[in-house]
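Here the chain labels run A, B, C, D, E and F in written order, and each chain numbers its own residues starting at 1.
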């Protein structure tokens, strides 16, 4: 069973991909694969803490800075950054934007899609992003039969780790060893200057998840890990042991 | 990520492994791996339907026939058959038997263990087997640190499919394509003459699960599949797509 | 679909059947059916509040009074009272007692069994009774095939309402109109002098559950009801509307 | 307790009722009752596999064929076919369509409504249909008191079986013996030429569910069954055994 | 840990606050605190039973009566009544109304918000109110960082008790002793003449919940209680015993 | 609402209380309260990693060292250490030991009991400890009525945080600010030399839980916290805001 070669990560806000999936993105691209990170909004109003401490700050300026930061972070991870600029707090994804997302999925044909959990009592936009991804994914792949529109094979779906996992109903069932690319994730996190306070938090989280992964598998060389919840079943040619 | 090389399947009764995991056993051994099938009892009293229709039948005779059938079926799948002969209806696994199972796990060092679901409203022995396996697995692998007894790396744990999955809380998250070895499973099922009525049922189930696996993954060449619920998280070096 | 003709109610303590299932017992017997109420213990140590306020009270005397009260209450409901006298706080049901219960089920061949919920954070004995009933029920009915022991068709299983339903995970899916026999239930409750404080509580509960039943079904003539959670699926010849 | 006399089945697409509830529809009408099958859309874009293999196919033509097929299938089952033609992939049910559905429920006064599960990770339209039915049912029956609009008694609600039940959270609690009308269901399935590949699948499913129903109830004469999840509690005059 | 000083109760309909939270409202105001009760609609069409028995009744008249009654009831409890008059059966809360609610929360800065459960199979409007409150609460408090809009500290969130708690997934984890203010709740309930039939029901419920609270805590002086489900974790300076 | 004055912490092994509840123990004793920490076993065989690296180590010597360390750690937290020395891997708590625990609870009359979660797929002994505590707690407090044995008011029950919370079903609903006593917890952790590798892990966990607590409550001065899951409902005199 080989790793993902075409990865799509969808976040409600511009920086989600860095904290929550920076490692697996870097793994895909380091292995010669391709990754797209899509931000449904820039998180310009609600998620750009330090930028809003500047006097006279404007939404347009925050969006520009966030775009530039996200693009640089994506670049450091080897990924392409795309934004739909749908607005945040609240994010809304209407029928037209859902179809646009479905088309992006059809065009890119990812081996896996990663997004937010369906529940998040700390954020109004994360569940909206989840719903949009779930719908667009089904619209892109159809019912597995010939249809009035182009369809692709249904990409596996993962949730990345939310801020307070237990309260979001997040139960990790896949731990990915990101030790070989951890430095890239650190570099990408450093770019997100507007949310600097998160860098230490997510570096420690990577150590904590590595501790868990070692305990689960016995693999003593894992120093940094990211946790995911795979939603779609695995379809395999043999039962899997540890990785 | 490579497939399991050392597989342990634990059933409450002698024939469980054939119906529920015959395919993955054959895959392991076909790929050069090793498999042990352990029956905690012979299912001599409660699970040997057709044998008990013979007048003058005795428990000892049923056990002997079941042992011989299970051994032949295991052989056809390339596996070794072991029985603990603990009695059925009700099966009880005391401290000594649990330790014996833990020692078997330590000695064999399986890459994966497969057993019953923890809940089964149709069978008094299946949950007992599950509890025993869970405890023995933890006793064999310890706390991940040096200890007073020998420990091994904790083997991943799977549940195989129960008879009425929804009512047992079974949610399949791994579908294994058993098309290449399906004929071996059929041959093994035919050996279990004491439960002949199940052969048709489980052959159809393999087609049904293949239908599901195709729908999930788009892999059109899967004709027979077995479904499992993986309980322990995957620890991997890269995010996985479809198999 | 006709109502139950042979009903078995199993309680951890002598009086459980009165409060929690007195109505359905009376309905069965009023309709010409037969009911057995089995108390695994007398609840002599933990559940006999007012009796223990008498100075010099003894366990043996409490058991005798409880036996006599339960027998009278059962009689008023038209049922037969049986006690296993296994002791309470804590109740323990060993292998021999489980088999005795399985034999009682085989002999009586009930159309339905009613007992406690599997979870009850307010009582150490209720979950033990539940486990015993679940095991004995499976041992009495076997695997649906010929076996070394006599088997009967698996009786449907219900849970009656615990004291604090939400905290016991009780979700009622069957409301039974006990209006025609409510006076019998009241009479039976009055016999349980050792737990007098519960009579008002359970009379009001019957009104409350009737209110719910009316709201669910529109049946305006239901004045008293009991709520149950049916665990085993219905197998029917036609889809059912309201009763 | 007598069977349903007025049955409403609501599907997202034109053919859902045939595969998932054809048997119970035929039972109702064979017993002198009345059934309406409502398709919220024709499934013209996403669910009409074989029709879209024809070159030059158009949505209008697919809709016409699907209408004609569904009408014939409904006729074979003794039911009336109604379509709201709301469009599929994605289906959307706005306020006006919800009120139209509520009015249909008020006018028909069904004894039971059957529809999709609220969750279906394989289909974008099934959960939308479920939500619409749940809302319309509540709007049609109100709060159980006098109100500004006409209300009816709240009809019991059932979910029919989805394609991959465990992954849709479907837990069957009602199995209906459809043996007496199975030939009618087969005939109705044969009409749905645009989804021919499903006929074998659902015929086998009927045997599998019959196997389950026999094991649950001991009723050996059940050869074909359909499984449902009843959502609203039963309100009855006596505890029910097996059917 | 001191009690709430600023309480916001949000109901779908004008009278919800009286039945479900009248006691805690009176406690807050009796302790010198401030309470706002917000009705998203008047429940004019679906929840005003007795008013609709009058011939020639109109929606406008019902709304006026409901407003006047709710205002008087609120006054008796020491609270301020606010209505958004959004319409009922079905209630819809659009983006503008959600923002209006968020602004009310920002302005009032409540120590706690109390509203409906997210699930209610008996009412189409309660879940809509829940969703609106959850979204507005998150919009008012933001991501805990500087942002483009004013934010407040996130108020703890509670659900009050629905009519049929088990079927709404309501699990009470906070019981509040309302004995000292119970007479005020009774007075407020008497004002809601349009739903007179509920007064007896909710008075008995208060006794029943007090019985539960006594059993849980041992506090024998609790005669009337209200039950709530706290959704947001407690953040405290010491572990809490009973109150 | 005041904090706990009499706290009982029960661990399967000698050191559990330090890592998982050291902060709340220190808070209780710093506030003039009393705390007992009970170890059901010393964790001598499975949990004493570094000690077993010494050549020639014996179980008796490990137990002695663990006793001495636990006693010193408890002393630093102001608590009394008690051990039942029941053995580990596997821990078994028989009827006599359960009654001994019940008597300890009756004698100490704690305001709160803290122990392991009922599920822990990484440890065979933690769920056993949970079951024992649940049973003993119920035996100590009885049914809330007069009985054959002395009873106390039922102490509230909490679970402390397990190693991999999501996989143990742990959902924290109480965060306790342990900033004022964090140095004491650090000192106590340093005493547990046999599990040195855990000190860094649990110090970081305290920071992480403080981050969560700040986000939930807005209380910016919380630097270290412990998370708990309260199982028994709160019974209070007023609705609570944040602490």
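One rule holds for everything that comes next: a contact is a pair of C-beta atoms (placed from the backbone, for glycine too) under 8 Å apart; a residue touches a chain by one contact, two chains touch by 3 or more.
What you are looking at is a predicted structure, and each value in this text was computed from that prediction instead of being measured.
Engineer: How would the chain B/chain C interface be labelled, same or different, where same requires over half of its residue numbers to be shared?
Structural biologist: Chain B vs chain C: different; shared/all numbers falls short of half.
Engineer: Farthest from chain A by Cα centre, which chain is it? Let me know.
Structural biologist: Ranked by distance of C-alpha centres from chain A, the top chain is C.
Engineer: So, comparing C-alpha centroids, which chain is the farthest one from chain B?
Structural biologist: Result for max centroid distance from chain B is chain E.
Engineer: Taking each chain's centre as the mean position of its Cα atoms, how many Å separate chain D from chain F?
Structural biologist: 52
Engineer: Roughly how far is chain C from chain E, going centre to centre by Cα mean, in whole Å?
Structural biologist: Chain C and chain E have C-alpha centres separated by 37 Å.
Engineer: Quick one: which residues in chain E touch 2 or more of the other chains?
Structural biologist: 122, 167, 172, 215-216, 232-233
Engineer: Building nodes from the protein chains and edges from chain pairs that touch, which of line, ring, star, complete or other describes the result?
Structural biologist: It is other, because the touches fit no line, ring, star or complete pattern.
Engineer: With touch defined as at the top, which chains are paired up in contact here?
Structural biologist: Once each pair is checked, the touching ones are A-B, A-D, A-E, A-F, B-C, B-D, B-F, C-D, C-E, C-F, D-E, E-F.
Engineer: Help me check something: in the complex, which residues belonging to chain D touch chain E?
Structural biologist: 95, 98, 134-135, 138-139, 142-143, 145-149, 231-233
Engineer: Applying the document's contact rule, which stretches of chain C touch chain F when the two form their complex?
Structural biologist: Listed in rising order, the residues of chain C that touch chain F are 44-53, 57, 59, 62, 89-90, 92, 121-124, 167, 195, 197.
Engineer: Where on chain A is chain F touching in the complex?
Structural biologist: Touching chain F from chain A are residues 122, 163-167, 170-172, 201, 204-205, 207-208, 211-212, 215-216.
Engineer: Can you list the chain A residues touching chain B in their complex?
Structural biologist: 1-5, 7, 24, 27-28, 31, 111-112, 114, 144, 153-156, 158, 172-177, 213-219, 222, 225, 228, 230, 232-243
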